[in-house]
Structures are given as C-alpha cells and as structure tokens.
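Let me give you the structure first, and then I'll get to my questions.
Chain lettering (A, B and C) follows the sequence in which the chains are written, and residue indices restart at 1 in each chain.
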C-alpha cells in the first residue's frame, strides 16, 4: 500500500516498502527470538494501557450511544422502562430549537477556521520559512497563545470585548458616544468575536505545523523550479504545495477536530447561550445540569461522535498507511 | 522591508491582548475607574497580584496542578512508550488496530464520553490508605472517599488514558525510525523485552520523550473540562479550573481577574520559553513523521 | 403536582413575621386582615424574643466532632458571611470542625444533580421552592423533621411551608430572603428631583425624563440569562395575577396564551430605556452603572446592596433606596405581589460521612436557624434578610426595614422564575435563551417565539 499512494514521509515510505518485501521472513524470525516470558510481557505492556483505554474511552463512548435511546435522568440505574427508542433523536431534529443553531455554529466555526484562520497560519509559515533576521522571534510570538489555556484566552479577550469596560469600545470612543457594540451579547456578532479569540490561538498552531512541513521539502526541488524561471508564487503552488499534500491532510484534520471540540471559550463567556450554542455545550448543559437530561444529552453526543468520526477516519487512513 | 513591516504589525496585533491584560493587571481598579478604562495610568503597582495571590490562594492551586500534572506526564510517557515499543518493534496481528484505537480515542470530543465516565468514577471503589499532608494540602492515598470520583488520582487517570492516545501515536512514529535490528540483536543477546524497552529503546527516544513531556505538561496544565466535572471539592481543583471561581469572587474588578489569569498562565509560558525547541518538536513529530 | 397550590396558600403569609400560629393553613388573607395582623407585630415580637429560642435535646445534636458543608457563596460578602457562621458554630459547638467546600454559584447549580448523587458534603446551601422539592422528590435530600420540630417556633408559617417537600416532610432551614424591587440612588434622584412612580405611565414618563437628563433610565444586565426573568415575573404578576403566573410556570397554562403576549407587549414599551449592550453585561456590571450614577434605576433583588458594599463605600450604600414595581392598572395590582426568594440550608442524602456526623449536621442546622446567626451573616451580606423570628432587628438600617416592610405588604409572594419553575425549563437552554431572543428584538411579533416556548415545555420529560 505504501508505494501506491502518497505517504506522509516519502523517504521513510521507501524504507517501508523495502521492509515490506522482507516482512514475511522477518516476522517468522522475530517470533522465534521471543521467549514465552517475553510474549507475556508484551501482552502486559500493551494490555494494561489498552484495557484502560477501552474501559475509560471506548466503553463510555458505546455507553453514550446506548443512553441516547433512554430518558435516564442520571439518578438511580437504567431499567427497561427507560428505553424510549428514537424519541430523543426525533425531538432533537424536529422540536429542539437549539440543535440546528448549535449545529450551524459548529459549521461556521469550521468554515472560519478552514477559510480564514488556517490559511492565515499557512501564510505566516510560508513567510517565515526562509533565512531572515528575526524569524525565530516572529515564530515565538505567533506561537505564544498556543501554550495558554483556552480559559485564560477567554479571560484575556473578555478584557477586550466587555461592552462598558472593554478595550475596544473604550478605545474607539463607543462608550463616550453611547454607541456601544455588544461584542459578547449580540447573537449576530458574538460568535465571530469568539472566533477571533479562538483564531489567535489556532493560527500559531497551524503555523508551526506547516513550518515543519515546509522544512521537510527537499530544497533541490525549489532550486530546480527557480532555474526553470518560476516565480516564488508559482514555485509555491506548483512545486511546494503538491509535495505538502500529506501535511495538508493533517492540517485539515486538526482544523476539523478543533472546530468540533470547541467548548472552553464559549463556556467561559456565557455558558454557550444567546448565539454561542455549540454541540459540545448542549451536551454538557443537558447532561450535567440541574435537570440532568442524560438521555437527551447523550443523543446530541452521538451526533457529535458521528460527525467527529469523519475527520478521525480520514486521519487514521492517512497516517496508518505507512504502518501497514 | 515590506515583509518586516507586515510581520512587525502582525506581532503588535498578536501581543496586544496580552499587553492589555498585563497593563490592566498593574492598575488599581480605583485608578481605572477614575481615569477611564483606556487612559494613561496614575499608578501602576503589583497590588492586584498580591491580592489575588493571597485571596484566591493561587500558590495552593499551583500545588494542585503540580500533583496532577507531574505524575500524569510520567505515567503517560511510560505507558505510551510501552505500547509504541511493542507495536513498532514487533509485528503481530493486532498492532495496527491497537494504534488506531489509541489515536482515535484521543481525537474524540471529551463531551462524548463524560456522562458514562462520571458514572464509572462514582462506582469504582478505591482503597483509602491515608494521605500525604503538607499543612492545608492533603494528597489522598489513594482516595479519601473510597471512590475514584473527586480524587487527584481520578484526574490523573483520565489525563493519562486520554493523552496516552496522542503520545502513543507520536512515539510510535518516532520509534519506527529506530531500526528493528537493535531490538533483534538485544533479543539474541538474551535480554527480555522489558529490559530492551527500558535500557535500549527509551534512551534512543530521549528527544521525542523530552518533546512529548513539554507538550503533555501544557495539555494537562491547561485542561479545564475534566477537572470541572470530575472534581467536586474546590480545594482539589487545579489552577485553570479554579480560575472559574475568580470572576464571581471579585465582582467587576477586571484588573484583579486579569492578574489572576496571568498568574495562571505564567508556568506554561516559562516552560515554553525554556523548552521551546522541544515544544515545537513535539507538535511537529506528530504531524510530519507519519 | 399539588404542591404549588399549597405553597401559594401559605406563601402569601411568608411576609407576616409575627403571625399567630393558630391561623388555619389555607386561609386566604385579605389585605385588611394583613394590616390588622401587622398591628400585633411588636407584641408578638416581644413574646418571641422572650421564649422563642429552640431547645436542644442530647440525642438530636452533638458537640465537637466534625461535619462538612457545601456552599455556593463565592461572592466576597457572602463568602465572608459563610465563614463567619462556620467559625461561630465551631466556637459555640464545642469545637466542631467544619470542612467547607465553596464552589462558584454557576458551577454549583449546574452540577447540583451530579453533586448530590456523588459524594456530597453533609449539608449544603440551596433554594426553597420547586428547586428544593425537586431534589427531595428524587430522594437526594434528607428529611429534617426532627431538627425542624426543635426550631419551628422561631419561624412563621409562611417559612414553615416554604421548606416542606411534596411528601409533607421538612427538608430545609430557611436562613434569609430578599425582595425584588426597583432600586435607585437617593442623591441622584434628589439632584434631578425625581419622584417615585406608582403607575406604569408615570414610570415610563420618568424613564423618558431620565433619558433626557443623560442617564440610562433602567440598568439592565442579562449576560447570565437569569436577571431578565425578574422583569418577566413582575410584569406577569401585575398584568395577569399570581394564580396565572404560578400556573404558567408549572405548565398548567400555555405559553401561547394571549395574556403572555400582553406581557411581552408591555415589556417592549420600556426596553428602549435599558442599558446598552445589556446582553454582554453581568448583573454586577449593571449594579455598577447604578453605583457610578450613570443609570437611574435597576430592577433587581436586594442583593444589589452587596455590590454597593463591595465596590462602593458605606456612603454609597446609604444612598441606596428602592420602590415596589409600579401598578399596571389591573385588578392584580392589589396583590402587591413580588419575588422574594428564600435561601436555605439542607442535608444531602448520599454524603459518605452524614451517618456518622448527623448529630453535628443537626447542630449546625439548629445553629443557622438562630436569629443571631442570621444577623451575623446579614452583617456581611446586607442583601440577605434574616428569616428567624428572634433575629435582632434593632440594627436594621432603613433599607432593610423597608425591605421587610414591602414583603409584609405583599399579599402574594413568589420565589423567582427559576425557583418556581422546573430547572430544565428556566435554564440557559430554556427560558434564559428565549427571553434573550425576545430582548434582541422586543418589537417583534412574539407568536412564533411563544410557540417555541410552549413546544419546549411540551418536550420536557414528565417530572
């Protein structure tokens, strides 16, 4: 497989294909080297973490699917009477006024990151991927927000956005003139205000990933392009970008996962209401709330799970190829 | 020249929110109210920091974070390197699917698993074997209520399990670059696999382990969600989650909130500045060495 | 659910602090009756002060030992107040060690269900009304009839009724309450020579005048979602009466009712006078607008005084005054209804230590039922009026006295939207969101919004 499809690391892919030819003989040989004692050790070394992973990640995932067919309120145990079939799903899709707004907000989040934040991060990476003075400093600055927690990012941006005390409204004289913009309370703009804050962090992340990808591009390719008389822009689009296909996939996946996981900033700002509804927050607000609508919250969780499987499978299929 | 002008402008934009937070945190609220939110300061001092430091008990919450993050990072690296070692150095039937389970598990949104996880935490008995006490701080061995719920070890556990997925993925990519001949010759020499993992392969992975350690530290330090849901006692909360208490505590004194938020992000910034190389390496290992 | 009706009959008497205990429980008092009873106030208070203190029995409570308390009091004043109570209890009860777990308001409320099912503390701070009965019904709270029997002589029947579960058992000790009214600064009003409006038209005229004078007429801050519910409550009470209001909040009336439409219509007449960008402001920021003299009025609970105390000075606090929401020209004006929520202490069910510490927890509940304890708390958090009959009212400043008075004058008392309705309906996914939607465009035809409110109610699982 490794030699028929583009792999993430071309150099190593070659190794892999050579290795593949020898795989059969090697495998046999290796097993003869392992004592039964070793085999038990291997089972334990993989088995213990795997059991924990199955128990605490995949078990709960399946349990969420089961719970989504119940009306369990989280109190006591689940009995046969709790099963209500597809009722939660039916209500979620037709009766629940917040589902589609939340779904749309996640989509907008994804679109914003994909078409604005991610390209900007890539652009910065391309600018900084050259021998020039201060490139390290620039990189450090753009990357700095990535190490901050989203909670802190939320606090820091609230200092900018708060209507009467925030920097923006005060600096532009909107407080004085009485034409306040409600950055966090107006449901038409608060999502974008939050997205700016989220991008502050996302852009640096993408930049670093992309820079690493650019560094791995064989310099002789560019050299050849330049000799052929291609401009810098042409070289990028015709030579560099195609070679970067594997890293592009990673970046698409990272962007999609970030958009689906969006939670902390919106939760810190207003618990995800009034224009900041997100699927992850609806799950929390239903399942872990005073009313504790666990069954219904789980149905939303299943939707989020199904959507997440898209990028996850894309990621796995791309990254696991070379392993096979 | 144009390029530098553009980049410098971008840097200014990037640093401004942080600068503003620092500036606000250095102003007493009375000064801000008197002169306006955007104004030249009359006084700048560290009073907000001392207030938050003592009233919000910041050092105490640093300690909470520490006892969660340090064991969390070490255990994650141990477990992940074991799995990565076994999956890359030996070929067996299920190693691909094991890698997939770990990697995919790390990509799930945490909200998908939280309710059943909460239930598991409430129904898993854990022995109460006393505690390690340092004045007000008490680290239970291994539980102070017979459960996994509301325990430091509960938070450590979910961090370890969740991040093992990521770390396994990255470390297995790294270990693929180590030729299997090394393992094989060690086996021929009669070393057992545990020994090979510990004394042969791990030392070779030092750069990757260092990179992962920095990254995992930041991930765990910045976690908000697990601790919010799986801890009940506010005195066990790590600093990031404890910050949530801050807003209510100081009414509308945004300057104090800014000081608190900045105090909370100093440790990861220090780690970043000191270990920047490892940090970036960690992130890029995961994406380029596929 | 028969509880709300029972609660209604007795809630209207909550306000009568010195009510004679022999009055039948379901007596519907006329306004004249109330005035008559109020006349006995001082005498009854005298009697209560002489013999009202609860007696302790050895088996019910214990000294020393330890107990734990879960508290949502994170605001600086109430946090100090809670600590003061705890310290005083430890001193008074033979050194009982109290482990206090303070979690911020929002998180505490969101996670209350999982909290009570997990390993909660022995006692916890909570609210009376539907929100108390909800968890009593689920078996997550311990009945405290024994403690209540020991302290009930210190409470009026209105309070007694407010802590009864649907099963008739006592579940909580009421410790404080606070009325909702329209707050203002006396100095600002004197400067502009404003007078208290008693009718809707006068109220609107005052708003218009304030606007002309460069003030924000009504401070309004709804980032947290719940503050707007206070305005809905009072408008609905004035326009449609107590019975309709409680029936609406418990699902016995429809949200599509034209009477609800009328509420939104009236409401839209004053939204133009609200603070700008109110959906991005917290209630504390709203209080700051009043404190810093940029706003003329603020409809909020008495706890607004806590923000005056924390961010302002004693001089600011002395300027704070309020008036009851104006009449709307309906038959229901005479009810003088208002929100006056009661805060309580309860015992959890699943606390792993409760069985061992029950006697200490009982002692704590008895302790917070004392007037002296409640006054101690009130001194820290002036927005919380003591509920016990033996509370020393002599230190009350004019503001607190007036607050007691306005509650006494009310013939109907509600607990607040989110305490009278079910939590899933009043929460961020429910009415908090709907009201924000209304406020984003108050002039809208509310038919479809009301339809959404009703279908959301219909969608909720039966309780």
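Here is the rule we use: a contact is a pair of C-beta atoms (placed from the backbone, for glycine too) under 8 Å apart; a residue touches a chain by one contact, two chains touch by 3 or more.
Fair warning: this is a prediction, and the values are worked out from it, not measured in the lab.
Colleague: Which two chains have the most C-beta pairs in contact?
Modeller: A-B
Colleague: Which chain's mean C-alpha position is the greatest distance from chain A's?
Modeller: When every chain centre is compared against chain A, the largest gap points to C.
Colleague: Distance from the CA centroid of chain A to that of chain C, rounded to the nearest Å?
Modeller: Between these chains, centre-to-centre, one finds 43 Å.
Colleague: Based only on mean CA positions, could you tell me how far chain A sits from chain B in angstrom?
Modeller: Inter-chain centre distance comes to 17 Å.
Colleague: Using mean CA coordinates as chain centres, what's the gap between chain B and chain C in Å?
Modeller: 41
Colleague: Give me the residue numbers in chain A that touch at least two other chains, ranges are fine.
Modeller: Answer for chain A, listing residues that touch two or more other chains: 74, 162, 165, 288.
Colleague: Of all the residues in chain B, which ones touch at least 2 other chains?
Modeller: Only 118, 229, 244, 252 qualify.
Colleague: Please list all residues of chain C that touch 2 or more other chains.
Modeller: 106, 111, 114, 117, 285
Colleague: Which part of chain C faces chain A closely enough to touch in the complex?
Modeller: Answer in residue numbers: 106, 109-114, 117, 131, 138-140, 222-225, 276-281, 285, 289, 422-424, 427-429, 432-433, 436-437, 440, 452, 455-456, 459, 461.
Colleague: Touching residues of chain A toward chain C in the complex: what are they?
Modeller: 71, 73-75, 91, 95-98, 161-165, 169, 178-187, 190, 270-274, 282, 285-286, 288-293
Colleague: Help me check something: in the complex, which residues belonging to chain B touch chain A?
Modeller: 3-4, 6-7, 10-11, 14-15, 17-18, 20-21, 24, 36-38, 79-80, 82-83, 85-87, 90-92, 96, 98-105, 107-120, 157-158, 160-162, 164-165, 168-169, 172, 176-177, 180, 184, 187-188, 192-194, 197, 218, 221-225, 229, 240-241, 243-244, 252, 254, 257-258, 261-262, 264-265, 268-269, 271-272, 276, 279-280, 283-284, 287-290
Colleague: Considering the complex alone, what residue numbers of chain C touch chain B?
Modeller: Contacts found on chain C: 74-76, 79, 101-107, 111, 114-115, 117-120, 282, 284-285, 288, 292, 307, 310-311, 352.
Colleague: Flag every residue of chain B that touches chain C in the complex, lowest number first.
Modeller: So the residues of chain B touching chain C come out as 33, 118, 122, 145-147, 149-150, 228-229, 232-235, 244-245, 247-253.
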